[in-house]
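Here subunit A shows up in two complexes: once beside subunit B, once beside subunit C.
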Partner chain A sequence: MAKLLDKQRYKCALGAMQTVQAITRAIPILHSGPGCAQKLSDGTGSSGYFSPNIFPCTSINEKDVVFGGVKKLHSTIENALKVIDADLYVVLTGCIPEIVGDDSEEVVSQFDKAEQLESFENEGGDPDKFVYKPVIYASTAGFKGNNYKGHEQIIDAIIGQYLKKSDKRQKGLVNIWADVPYQDLFWLGNIREIEKLLSEIGLTPNSIFGYNRGLDNIDKIAQAEFNLIVSPWVCLKNMKKMEKKLGIPYLHYPTLPIGAYETSKFLREIGKFAGIEQEKTEKVIKEHEDYYYYLIERYADLFLENRVINKEFSVVADAQYALGITKFLANDLGLIPAKQFITDDTPKEFRENIKDEFKKLNYNLQADVEFETDSYKIHNEIKAHDYHGYPLILGSYYEKELSEKLKGNYLNISWPVQDKVVFDDFYAGYTGGIRLIEDIYTVAVQRFN
Partner chain B sequence: MTYKIAVASSDGVNIDLSFGAAGHFDIYSVDKTEYRLTEKRTAPTKEESKAENICGDEKRECNSSCSNNKSCGADGKSFPKVEMLSDCRCIICKKIGFNITKQLEKKAITSFDVDCTVEEALKKVTDYFNKIDNHISLRKSAE
Partner chain C sequence: MTINLNNSNVATRENRIGSITGYIGSLSDLAGKSECGTLKGCSRCFSQSSTCLSSCALGQLSAIRDVAIIHHGPAGCSVASAGNYYLNKTMAKKRGVTNDTVYVGTDMNENDTIFGSTDSLREIIIEVNRRYSPKAIFVTSSCATGIIGEDIDSVVDELKDEISVPIVAVHCEGFKSRIWATGFDIADHAVLSSVVQPPREGVSSNKINFKNFYESARPEIMEMFAKFDLEPVFLYCNSTVEELSHMSESLATTCICGTLGNYLGNALEEKYGVPYVRSINQCGITGFETWLREIGKVTGRSEKIESYIEEQRKIYMPQIEEVKKELKGLRAVIGMGPGYTFEVSRVLNELGIEVVWALAWHYDKKYENGDVPPSMKYLLDNGIDFEASVADQQNFEVMNILHKYQPDLYLSRHPGSTVWAIKNGTPAVYVADEYMIFGYKHTLEFAYSILNSIKNRSFEQNLAKRVKLPYTDWWYKQDVGTFLEEAN
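Moving on, here comes the complex of A and B:
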């Protein structure tokens, strides 16, 4: 039966152009129809040195569908290399060229180091002054999946086409893979906070996204002692590839650590994996926990006497946030999870493991979780559930109207975000947990103002 | 459904003429993916066009809101060459200008500016039209 078009909670794989944009001085070159970048860019936080409005694009039209667009792709890459000063060029294909069968990979291979040097010399350039500009290719046709998968494709392209196995190993160097940039509005803050925590226990974090990171950090990936992936499923495939190709083992921590309970557990597990003295880790944990519980204690009156906070909650978000927030609200705040909804179209092979994670809550709590992208069904289930009072809904902007109807408390934490502006705020770690409590209670106390 | 394609070629083998330079067009009749040359249509010369005062060289009176009053066809009049090809579905030539493309678009005529042989172009174009007319996927693997 034909399906109705529904409110979308993610974008097509080409949306991963924002993953490239998150790498400083990396630029996507799009082999797609005109307007793709415009539609896929987010309203806020995506301007800067490169922004979607200036991404080089082949802007393919009917002629390229009939006659093939490889010539246009070649000239677009060639000219992008001439006029755009970037460190890394990532060619992304949209759905049209992949349907009609353009061999984009072959075109991109014409821009490898040897060919670039040759054309540089042909134009009379001095070989000593030649600067290689890496061009890689990621297949991100919309029909291949959503932008979570597209994100994986980009990382895959970097591993497969750019990185080389290194003999050097830098002790304590850890690559961090967490959120999908721009899809997750807290990506920058989260990754910095995780970096900070790792530094405190004596590791050297390495990430490739955001300010002051870039190609140098990509180069460092191959020298890391291990990869740390903080995500239920996104990038897991990439970790396996790196293990195979670069010989870097990985630690999979499926839950985004929010709040004291999960963050302490997170640090202990990393400490153990990295072989850090237990004492050192515990010292860091104690310091953070002391401050965390000092704050919780000071606001105990708010938690205990405030009768507006909800007893039960639902999270409607991607697997990363649904899991992280559910654990935080149950373990740290003592709220009861109602049904949780995962809206990122998680591949089937990961679903059982993720479901199991939702059963590992403190106080013998278990959360019921559903993988659902259909807002209509999600909203019906929320409407039908008895939250024993006002519901607390943490979700995308689509849940706002519903929450208002149910007189619930609502917080916009997942894409699309219309209700919040986030520069570098974060929910990860001890501080992130406090930020989330602040945000939830800010909504709650407004009820009677 | 049969339709016509106009090709700008001096020798009937290569697409080697731009729209403006073409003194004549080869008209091919197409049925599904079968095509055959049925007509050679001679274009009006520049002088003939000038006599009618609708040549693109001169500024034309136009009431459309755009500032380009240079014969985009917004005033409803188009070049004689465009008029003479108005029964075709598609024009294939080596180069074509923006204004002519627009005029053709208004008549729902597709134009392709390509650099290849007549045979290659006709094969690809007829295959494409056949597929979209019959709702066949353009996906390469579907072939």
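Moving on, here comes the complex of A and C:
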């Protein structure tokens, strides 16, 4: 049912065009109104090999609403294959074609390998020189859910329409799945850091997003020993589908590991699941922890001897950061969670498990967490809460003015982001924890009391 | 033009003023065909994404202070609210005022597309009014609500008794028009039909309605107008509902961009007799002087204006002449909305830069009063002609042109365009701020922006050397109009 979305923190399912954009040389083809891509793109960091304003788009008009837009979709795909040099073409449908009932899937099926070869030959092409350009389809009408769901739809399309079960298994090959590119400010850095950590304990990570990853990595997915999903809920349904279709088991690690405590736990659990010698994992952990605590020791005075960082904090973010940051601040830095707010419209079936995770903190601490998409209510709760000193608020840009009014310390870590430019910075892992501390104390040192 | 403020729907630019988005030819051909009425726009069988009219409409309305925008549709439609929140806070702070405008969505889901959700919408409007007590409420549709036939007009009408501030339905279905500028008209229409009041009796005013985007030149224009005993009222960024309600009392309406201000200017003139200043715009020397003189004529202040022009010329003309020496002979391609393309072409000509191809993101065959746009008329009267096309930000066409012409410079006004030029190795100037070429001072600055861009080409050369462009060799060999077909 329609609801009041006050200070919204997510986009619609079609926002998953950014998931496609994050796969190098994959391009979204939009069967949508002319301006959807522009609305759903972010102002900065979008001008890669493809940018949203060059995504092919049927730019549906009034006539297409009345008579259907399948012909336009066909010519758009056909010509996109000629004009745009890509490895993978993903057709995404917006609201209009799904309401008026365009059979977009049928149009896309006209571009399968056999049909592409046939038209290549009909145009006098030499069959030996034929290059197949995969075209797949994802239903991402805006009313079908938000961009977290849309992200899952893209992965689902890849599994369902592109991947095939493999007889080969590559020992130690692990597919990594994490949260939503672009929606997550730190997506690129986080996934690379997780890859790096996995490599260090002897595994071979495989992910499909960002620089130097693309169709080749998608091709490898089916040969993996297992899938690793690092997210409270996003992509969980994709893991189940892969388990069923491709026979790949998965390890679900719900917490984005930030800082030493969680990252060490993370590595131990993966090591155990992958059957890696314990000694090897412990050696990697020790090296990281030694350096991490060398840094912490040097800056411990900063944590203790300042007048502005109070112990109590709130995170206003999607499930991933709300959980990851709460665990980090509680278990690594010894802070006390006030209420935490999860704003990604987490599907109801995952909420209890996520709530349980907030209860697993050191010293039997339990964080109170609320799933809420109405920011008016969130802001009222923050205002009403006594933080027993300056609050520390990690949230979206919407919390900036509120934090200023409460004389709090504020960091912009979740969408929408205006206060920070991030190229490949990250909060995941040991180094990520240090980065987050740097960011928090960069705010703190700008005031005296 | 007859403006019907009793109907919440605005006819699209295509239907109202014969606007088009597909054409290739020359400036003279375009104008000639417009005048004799034979111009017919083409459609494309392949296109790239452009812009939604709702972004323009709601971008305008949500910049008004302390109002509420209620965007009835899926979360993607109202996603612009995030950017507007940032912009409003930032712009208000810059001006030293506060802006508590709220822009909410209704997060429409699949069930709503089947069963409708006007009941929820009604509750949402009431709740937003309770929470924020806005000074006006704009309730807007989306593609999804438009197609399923949500009757937002009735919801709004029924609430008029309950809600004491202006409340109006704003029809923003993105599929209605390929011309996003239709959104500007939609915003004006909403303001005119809900907020603007007839002039109060006995109130005399020295105000001029000044339609712009983000009022960066506000202080200097205030200062200049004060010399003429005129007071500009900048619209709509940081406007108050109170200010808007008295627009009908102003001495005149002017705008920084014909595409932006055309509907409002004509409507205020037609309905309340407020003269609309229809000159070429304020870009460059001729533009600025022509505009100022027109203001002088309309408001009876010609003498003061002439002495201002004389004084300013003495300061700036020698400097502009100096920098022109270094720009002479450069070749440029430009791609902008029609409110700027033909104005900036004129300025480039003034600076001695040759326009080899101009793209307009759309083209209005005639303005609301039936005339060919004055900026075009000026160029043709002065013997300036060049190759021109109309393309709604179709980047593949821009790149095809840049590849073939390899100009010294590309100028564009819309985000996401200049970056492609530099990847082609072409220096680019992003003419984002609407006041970037305003008057003598900014024309001088603009000339230096160009000079600085071509003086040091390191950035684009470094980048262009290392990136591969996303278009196939096949495409670069094609004619730029390959995908245009006769509109049916």
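Here is the rule we go by: the second predicted complex is superposed on the first by the 443 of 449 C-alpha atoms of A that agree within 3 Å, B and C clash if a C-alpha of one lies under 4 Å from a C-alpha of the other, contacts with A are read in each partner's own complex, and residues count from 1 in each chain.
As a convention for this text, a residue touches a chain if its C-beta (ideal position, glycine included) is under 8 Å from a C-beta of that chain, and two chains touch if they have at least 3 such contacts.
Being a predicted model, the structure only gives us computed values, none of them experimental.
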(request) Kindly classify A:Phe67 by the partners it touches after superposition: subunit B alone (first), subunit C alone (second), both, or neither? (result) first
(request) Return first, second, both or neither, reflecting whether A:Ile99 touches subunit B, subunit C, both chains, or no partner chain. (result) both
(request) Going by the touch definition up top, name the partner, subunit B or subunit C, that contacts more of subunit A. (result) C
(request) Based on the superposed arrangement, let me know which partner A:Gln418 touches: subunit B (first), subunit C (second), both, or neither? (result) second
(message) Is A:Asp6 touching anything from subunit B or subunit C once the two structures are fitted on A? First, second, both or neither.
(response) second
(request) Check whether A:Gly324 is in contact with subunit B, with subunit C, with both or with neither, and answer first, second, both or neither. (result) neither
(request) Report for A:Leu14: first if it touches subunit B alone, second if subunit C alone, otherwise both or neither. (result) second
(request) Please indicate which partner A:Ala80 is in contact with in the superposed arrangement: first for subunit B, second for subunit C, both, or neither. (result) second
(message) Going by the contact rule set out at the top, does A:Pro205 touch subunit B (first), subunit C (second), both, or neither?
(response) neither
(message) Just to be sure I follow: which residues of subunit A are touched by subunit B in one complex and then by subunit C in the other one?
(response) 62, 65, 99-100
(request) Using the touch rule from the top, collect the residues of subunit B that touch subunit A in their complex. (result) 110, 112-114, 116, 121, 124-125, 128, 137-141
(message) Looking at the complex, which residues from subunit A come into contact with subunit C?
(response) 1-15, 27, 30, 32-40, 43, 46-47, 49-62, 64-65, 72, 75-76, 78-80, 82-86, 94-96, 99-100, 141-147, 373, 376, 397-398, 400-401, 415-416, 418
(request) Enumerate the contact residues on subunit C facing subunit A in the complex. (result) 45-55, 72-83, 85-86, 89, 102, 104-113, 117, 120-121, 124, 127-128, 131, 142-144, 147-148, 174-178, 180, 392-393, 395-396, 415-417, 419-420, 467-468, 470-472, 474-475, 483
(message) Give the list of subunit A residues in touch with subunit B in this complex.
(response) 62-63, 65-67, 99-101
